[in-house]
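Both complexes shown next keep chain A, but they swap its partner, so chain B is in the first and chain C is in the second.
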Partner chain A sequence: MTVFHYPGLYLCFISQHLKKIFEYRLSFFIGIIPFILLQLSAIVVIWVIFKKVPHIAGFSFDEVLFVYGLGIVCYAFGRMVFSNLNNFGYRYIIKGELDAILTKPINPLFHILATDFSEKEIGELFVGIILIIKSIIGLKIHFGILELLALLYFLLNGIIIYGSINLIAVIICFWTKDIQGLTSPIMRIQEFSQYPVTIYGKAIRFVITWIIPFAFISFFPAVFFIRKEEFIGYIICIPLIGIIFPLIAYLLWLKGLSRYESSGT
Partner chain B sequence: MIILKDISKNFKIPLKKEGLIGAIQGLFTRKYTLKEAVKSISFCIQQGEMVGLIGPNGAGKSTLIKILSGILVPDSGEVEILGFIPYRDRKRYTQNIGVVFGQRSQLWWDLPVYESYTLLKKIYHIDTATFNNRLEEFSELLEIKKLLRQPVRTLSLGEKMRCELIASLLHNPQVLFLDEPTIALDIIAKLKIRNFITEWNKKNNCTVILTTHDLSDIQDICKRIIIINEGNIVFDGEMDTIIKRFSNFRRLVVSFSQDNISPERIFQSFSRDEKVSLRELEIAKGNNNSYLIRFSDTNNSIISLIDNILNNFSVYDIKIQEPSIEMIIKLIYEKKVNLSS
Partner chain C sequence: MDIYIEFAKKSFQRLLAYRMSMVFRLCGFLVSLFVVYYLWKAVFNTSPTIEGYSFKMMLTYLVLSFAINALYDLPVEHALANKIIRGEVAMDLTKPIDLQGIFFAESAGTSTNQLITYNIAFLIITVFLFKIKPPASTTEFSLFIVSLLLGFMIMTGIGFITGAICFWTKDAWGIFFVKTALVIFFSGSLIPLHFLPKWLENIAMILPFHGIIYSPISIYLGTISLYKVVYLLLNQLFWAIILILIGRVIWHVGIRRVVIQGG
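Up next, the complex of A and B:
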């Protein structure tokens, strides 16, 4: 099994999952509605705020929408691809399903990620894309092939950073042997990063930039398109974070795996 | 070829305090007890052997099989199987082994059985012709053809286990690990699985390692058994040795349908010859009107004994009790049975 086989294998897993979705079509449609409503309500809140004030921390309505829209797209994609990490503690550590994973000749982390896929975020994804298009038009950003490629790169990079953070949060389960790890506190912080980070105090800014680098997932990529000069130092760091963080996460994963104790049968 | 040398594995078990306050305390200070699950175990298994690993609950069987299958990393010692170190060369190693956990599924719960197999086909890189041939052969032998289109969750335990077995064999492994494959199955399902494993071993000369706490599984399948207790090997040798030695420890449980029975009366009913040949005879009263007769059965005198009892008394029920694994281990420990010869 070489690296080149993995994309094909991933498609195989996903197609199995899609078969399941088609079988339960109604549940699919019901499942995506709350997520769309959630995002729409957040947008309404932003809109109401901008009815009262023209700028927040120097950001205009369309700029905030752009930041927010890119955030939705990155996080929705991230949650779709990494959804099985939510079950990691319970399913794989406590119930010991990692046993079966470890007896297969493919990368165990890949196997876990490919095993599940969340489709509920598809509605959010659309909301995000519409926001991005709307704000690009509103801000009159020049958007050519190069910008599109940059956007796709940032998207991929963002998903990888998101996955790494999520992975680190659940790897803790190897040591603590509980269900959640640090997922819910860490993933809550994520919500901060969907708005311009400059509206927060120094402490929060520092945390979501350098400790848990949520700001590199969507905020710094977003300002690349609208305020390059102001944040140039951070923008240069985006690819670095996109390499260093996954590396840290994967090393921790390997460390955790060697500590895996299975569960008694 | 499987070589194990001085393998040990310890588990740290956190001592959890009771109640909410205890749980909060546990966040800051945790005390652990060390459980030595496997203590310096060594053995060697040749290609094609069928070996039974038995032992009571918590003896270390599962831990050992998890070390062998590359799931757990041993704390110390060396393990080499098919020229690989299981936990280090995991990817290449697992391509050559099959693993079935009786209590854990490797099939995808929501998918039809066949879909699970096609995923495994991809995972193990099995070419289509080989895959189809093997699946055809196996599903014929294990009678699961009709089940292939059913989702796994709708299968009965016995059906599921047969499907699991096929899942672990599609890539033609050289070593097959079975961790309690017949647990909670009825006797017919057990027999199907046992027959299949035996046939398959003959045909492919594949090594089979099986854990169970059902002695009858092993009697049918394995020539060699390894008995484990408290992380140590208590016995490693031929199944026949065990059967011969321990048939002495069969017990007869007789429920009488007549009253006025006493151990003395039972004893007196035996013929002179029997009294001589039945050494170490013990008769004890059990519940209700049943009696427990234990003796050293040297020349299969159990038959004449039953005959005798049936002739002299009116009997409601009669049972032969085989020694349990727990009892065998106890006897080995107490050195009542010498296995060294």
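Up next, the complex of A and C:
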């Protein structure tokens, strides 16, 4: 088994899951509606705000929408792909499914990620894409093939950073023995990066930039397109964070695995 | 009546077991609250009063909105839906109790639990952090409590209806989440309803949801005339009764389906 087998294997796993979705089509549609409604509600709030004031913390309506839209796409896609991580504590540690996975000749992290896939965020994903298109037109950003490639790269980079943060937030339970009570508050910090980070105080900005780098997922990529020059230093760091952070996460994961003692069930 | 009080107590005790998850939920709520705090701070930096609200009033509105919402994030509906979907409700039908009454009693029990274990902690922290406004006067505060109770009746009435819909759909999760999303927006949880464009505000005021968040907090802040206060309270009472009646009708129609399927 080499690395080249993995894409095919992933498709194989996912196609099993897709069969389930097609079996329960009504549930699928009812499931995506509330996510879309919640996003629309948040967008209405932004829209109402900009009916009252022309800009907040130096950002115009379309600029905020661009930041927000890029964020939705990364987070929605991240949650779709990495959804099974959030079952880790219960399913793999307590119920002991990790034992079975460790006996298989494939990378255990890959196995866990490929096992499940969340389709409920697909509606949000479309809302995000529409927001990005709307704001690119509104901001009159020149958008050629290079910009498209840059955007795709930033999205991929953002999704990988998201997954790394999620992985770290989950594998803390190797040490705390607590079943991911901490994961959800950590992931919730993501909410800070939905809006331009310029609205926050220094402490929060520092945390979401350098401790839990949510700002690198969507905000700094967004200001690259909006051409806010004061962030140039951060923009240069985006690819670095996109390499270093996943590495840290994976090393922690390996360290956690070596600490793992089966529950024996 | 004793039976219903007993159900409320049991439902209260059940939740005490989850204290740690409450601490984490509290952290989660605080994160969301900080986000809206900074968002609105930036907005009010540009314009000191908007639609008659100062930044401090806005903050008070949002803190209370979070606190009231926290009262309702409850497992009672899921329990009802599961009973219906698994057919266990057939057993309850043999007992001499009113299931809608039980539903309200259990919801009251869990809400009281949330209030004592969670909301008080939340309010102490937020009052300390954000220095929210006290109620306009004792009269306003009493009316706020009345409005809050009527809001509870509305929310629980809606919860019972969405639970009873599970006689038809076999998927509780989606229905509940759609309801939650509608409630969040149209109750004014995210933004005071009079901030919305007129047409959207009118839609929100026609629907019952504004009685859950917007009415009680507007009364608390004392921004509306006495005439409007009375109107809002009567409106809440009207919806509470209507929703309870709708719930009963849907329930009785739904029960027949159970009998037809043989439970």
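Following the convention adopted for this analysis, the second predicted complex is superposed on the first by the 263 of 265 C-alpha atoms of A that agree within 3 Å, B and C clash if a C-alpha of one lies under 4 Å from a C-alpha of the other, contacts with A are read in each partner's own complex, and residues count from 1 in each chain.
Operating definition for what follows: a contact is a pair of C-beta atoms (placed from the backbone, for glycine too) under 8 Å apart; a residue touches a chain by one contact, two chains touch by 3 or more.
Everything numeric here is computed off the predicted structure, so don't read it as measured data.
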Which of chain B and chain C A:Ser27 touches, first, second, both or neither: second
Which superposed partner A:Lys51 touches (first chain B, second chain C, both, neither): second
Which superposed partner A:Ile199 touches (first chain B, second chain C, both, neither): second
Chain B or chain C, by number of chain A residues touched: C
Chain B versus chain C as contact partner of A:Ile189, first or second or both or neither: second
First, second, both or neither for A:Leu38, with chain B first and chain C second: second
Doubly contacted residues of chain A, that is, touched by chain B and again by chain C: none
Interfacial residue positions of chain A with respect to chain C in the complex: 24, 26-27, 30-31, 33-34, 37-38, 40-42, 44-45, 48-49, 51-57, 181-182, 184-185, 188-189, 191-192, 194-195, 198-201, 204
Touching residues on chain A, where the partner in the complex is chain B: 1, 5, 8-9, 12-13, 16, 19-20, 96-100, 102-107, 115, 177, 258, 260-262, 264-265
Residue ranges of chain C touching chain A (in the complex, touch as defined): 20-21, 24, 27-28, 31-32, 34-35, 38-39, 41-43, 45-47, 50-51, 169, 171, 173-175, 177-178, 180-182, 184-185, 190-191, 195-197, 200
Residues of chain B that touch chain A when the two form their complex: 11, 14, 58, 62-63, 66, 69-73, 90-95, 97, 99, 101-106, 108, 110-111, 115, 118-119, 122-125, 179-180
